[in-house]
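Quick one: the structure is below, questions incoming.
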Amino acid sequence: MNHAIETLKLNRTFKIKKAKDKPAPSFITALEEVNLTINKGELFGLLGPNGAGKTTLIKILCTLLLPTSGTALVDGVDVVKNPALVRRRINMVSGGEHSGYGILNVRENLWMFSQFYGVPKKIAYERIDTLLKLFGLDEFAKTRIGKLSTGMRQKMNVIRGFVSDPEILFFDEPTLGLDVQIAREVRKYIANWVKNNSQKTVLLTTHYMAEADELCDRIAIIDHGKVIACDSPSNLKKLLRKETIVHIEINLTDENFEHFSQLPGVKKFALEHKHNIGRTELKFILENDSAISQVTQALSSNGSKIISLSKTDPSLEDVFVALVGRSLESEN
Amino acid sequence: MKTDLKTNLKSIWARAYVRIVGANREPSWILSETVLPLLNTAAFVYVYKALRAPEEYIGFVILGGAMTAYWMNVLWSMASQFYWEKEMGNLELYLIAPISRMSILLGMAIGGIFYATLRAVVVFVFGSLIFRVNFFISGVVELFLIFILTMIALYGMGMFFASLFMLWGREAWHTSNLFQEPIYLLGGFFFPVKTLGYTVAMFASAIPISLGLDGMRQLCFKTGKTLGFLDVKIEILLLLGLSIFYIWISHYALLFMENLGKKQGRLTLKWQ
Amino acid sequence: MNQNFSTHTKTLKLASWLGWKMESNWADWWIFAVYSVVRPLASSMILVVMYWVIAKSGNAQASGSYNLTFMYLGNAFFMFVGNVLYGVAWTIHEDREHYQMLKYIFISPAKMYFYLFGRGTAKLFITVFAVIATIAFGMLVLKIPIDLSAVNYPMLVLVTGIGLLGIAALGVILAAVSMVTAHHSFYLTEGVAGLFFLVSGAIFPIEVLPGWLQKISLINPLTYWIELARRYITGEKMCQVLSSISNLELFFILTLSTLILVYLSVIIYRFFEHLAVQRGLIDRLTNF
């Protein structure tokens, strides 16, 4: 049986135009030796900070970009050798996209996109009307898309992805910039779609931990173009079952905490400045509970005022900190 | 195969629909696409009038002025449209769809031909009436054939230009801009292409509209034949060759440039 | 007052710089230089070939002062019209739909009116280069007789400046209209330039036009501008209809009509800007 998606030693580098003062052009590695296998019927998440390589991977899988080396298969079809066959099986939705024509209304735009996939007119309209109703956009079916709010526009984009009824659907940050309610609706529909269609697959990129945790059967954590972990959310969290996770909030400070990672018992550590509430959050992955006192003592001697301290169950964010040594939220 | 054809036909119609509906909903184009081009053509008519040129030259300009509509449509509403589609985020959605890129371009062209034809008809009909142009049609079938072949070759050439936008943005836009006037010159829009001399006229014949206009002028005006560059039958054959050539080369150019764009990561790069 | 002046100057400067970058930084300088002259040269050559084809056939019986110099110089100066109109008016669609920046410029303290002028300036500088290259090509290659020692340079520069101010004001009027029209109005700029091509006596003397078009030509400031520019270059009165008017009188008419045009552009701009805000059109996307 073919996997929905398979990548083998996938690499992609981008050449940066030579600057006048540099002797040669430089290169950026967007993907490095990426090996992934995604099964049919899976809702798979790619989690990583901005610039980690998530969109690059999606673009390669959607036939919009060629890999520098390596292989990428979509439903067993090579994206480089046979892109036309890949395109029959896929669709893609990006967060914050502005596709479509302002001159057309919502229903017309969706119909237009469905025609690029050869969907018969009657079926296309049936699907469009059903989806518009499901997403609460039926009232706006005849509204020109330029008059839609950001949330409505993104709902329309998501519908566009489903209208062609693809085998594999790529979502690149589908809930980017959406309010909580709309993001929840979008997530719910994506999850149900995969659940109710055992052969359909979704590959979703996000930098929202909660989204990945809630939606995905499996997650690959990607950083600087490398896949650093790949498993189900629960298994990923189990990586930290022996460690102690402590979150400490202190008053906002520019203090350098780098030496904290050298403290006895501290395995990994990350900090995040929360300027809006005037606090700095420190996330510690500790070997055991006894290391907590070491940390609090160090903070006191540093002159930091501890506002709160909590020992928590591991989250995907903690997994990221443990694997990368940085906080994903602070990156974003 | 049959499904592919059906999907591509549907795509052509879907993309053309946008333009047709757009024309209805944004009627501000009517003035700029009908009255104003007629005035621009009239300026060239008055140059000949000021030079007291023979009457048929007025007809030549009117015919050339009408045909500018198609050249403008090819250049700005088809080839360069990829520039805008890229910025709007539509291009990548076209590219991941299981259709030929030529279907999208053809859809744009068919939608755009609606405006272009209206512009051409206004310039041709009103220009002919206002300046009392005398026509002497010597071959309706040949005239029809030459017009159709010119259109096919011209739009094929436009698709070839469109391939530039797979890799470039502003560079390709400026390249299109660069071509506008030189093609007016080499295309012989306002004078018989024969005037440019045999060598230049042969070179200019690579532009479908040069041969098309020359042939049409020979078939529409009494003295057209004497001012014609090549025999109409040869021009029809050459246009047939150009039609096949441009469609063939644009097919491969689109594939080649798309691949190059994918390799360099510039296929969907915005604000270049 | 002083602060306003300083803001407007900064806006003009910034917009000119931005316009220049947009126009030029897509290519190496020499490609850009070639690009900047090929199009104007081709457009001039169209007229030259039209002239030659009639002259060669022995049919040319043009009377009076109408000759290749008239046509060539008029066309060279008319390049300013097409390019500056385009440079100013196209800014609206380019910034609104392509770069999607119009709304941000609009809400800044910078006045759009000055911003538009600034954007046109870049195109103006490129056109100056193109016009000089075109005239030089005409003199050196086409042997168009122009006596450089007879040119009244100070007056030519002054008159060109006044004319360009008027053209930029026309551009602002077109930009204002573009605020409420769809993207396809790119053709509007071309079309309006075409209209002025017909009624400015740029490439043929206005006396060949029917009476009513001659009257329109006589209320068009560009007619006086192009005639004055020709006179200061050749030292001859070239348009017969205007031959009874002295240079000074023409200069006065040009200055007055330019001032009226600038005033009109402010009023018209305000009207369309208000309309665009009222209808919520500042950030719409209309491309299709």
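Every chain is named by a letter (A, B and C) in the order it is written, and numbering of its residues begins at 1.
Convention: a contact is a pair of C-beta atoms (placed from the backbone, for glycine too) under 8 Å apart; a residue touches a chain by one contact, two chains touch by 3 or more.
Bear in mind the structure is a predicted one, so any value in this text is a computation, not a measurement.
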Report the most central chain, judged by the distance from each chain's C-alpha mean to the global C-alpha mean.
-> B
Tell me which of B-C and A-B has more C-beta pairs in contact.
-> B-C
Centre-to-centre distance between subunit C and subunit A (centres being mean Cα positions), rounded to whole Å | 51
List the centre-to-centre spacing of subunit B and subunit C in whole Å, with centres computed as mean CA coordinates.
-> 26
Per the centroid of Cα atoms for each chain, what is the distance between subunit A and subunit B, given in Å?
-> 45
Two or more partner chains touched - positions in subunit A = 98, 101, 103-104
Specify, in ascending order, the residues of subunit C that touch 2 or more different other chains.
-> 182, 285-288
Multi-chain contact residues (two or more partners), subunit B = 18, 22, 26, 88
Where on subunit C is subunit A touching in the complex?
-> 182, 284-288
Residue numbers on subunit A that touch subunit C, as the complex places them = 98, 101-104, 146
In their shared complex, at which residues does subunit B touch subunit C?
-> 18-19, 22, 26, 28-29, 31-33, 35-37, 39-44, 46-54, 57, 72, 76-77, 84, 87-88, 115, 170-171, 174, 177-178, 180-182, 184-185, 189-192, 195-196, 271-272
Parts of subunit B lying in touch with subunit A, wherever the complex brings them together | 3, 6-7, 10-11, 13-15, 17-18, 21-22, 25-26, 88-90, 92-99, 259, 262-265, 267-268
Using the touch rule from the top, collect the residues of subunit C that touch subunit B in their complex.
-> 22, 26-27, 35, 38-40, 42-43, 45-47, 49-57, 59-62, 66, 71, 97-99, 180-188, 190-195, 197-198, 203-205, 208-209, 285-288
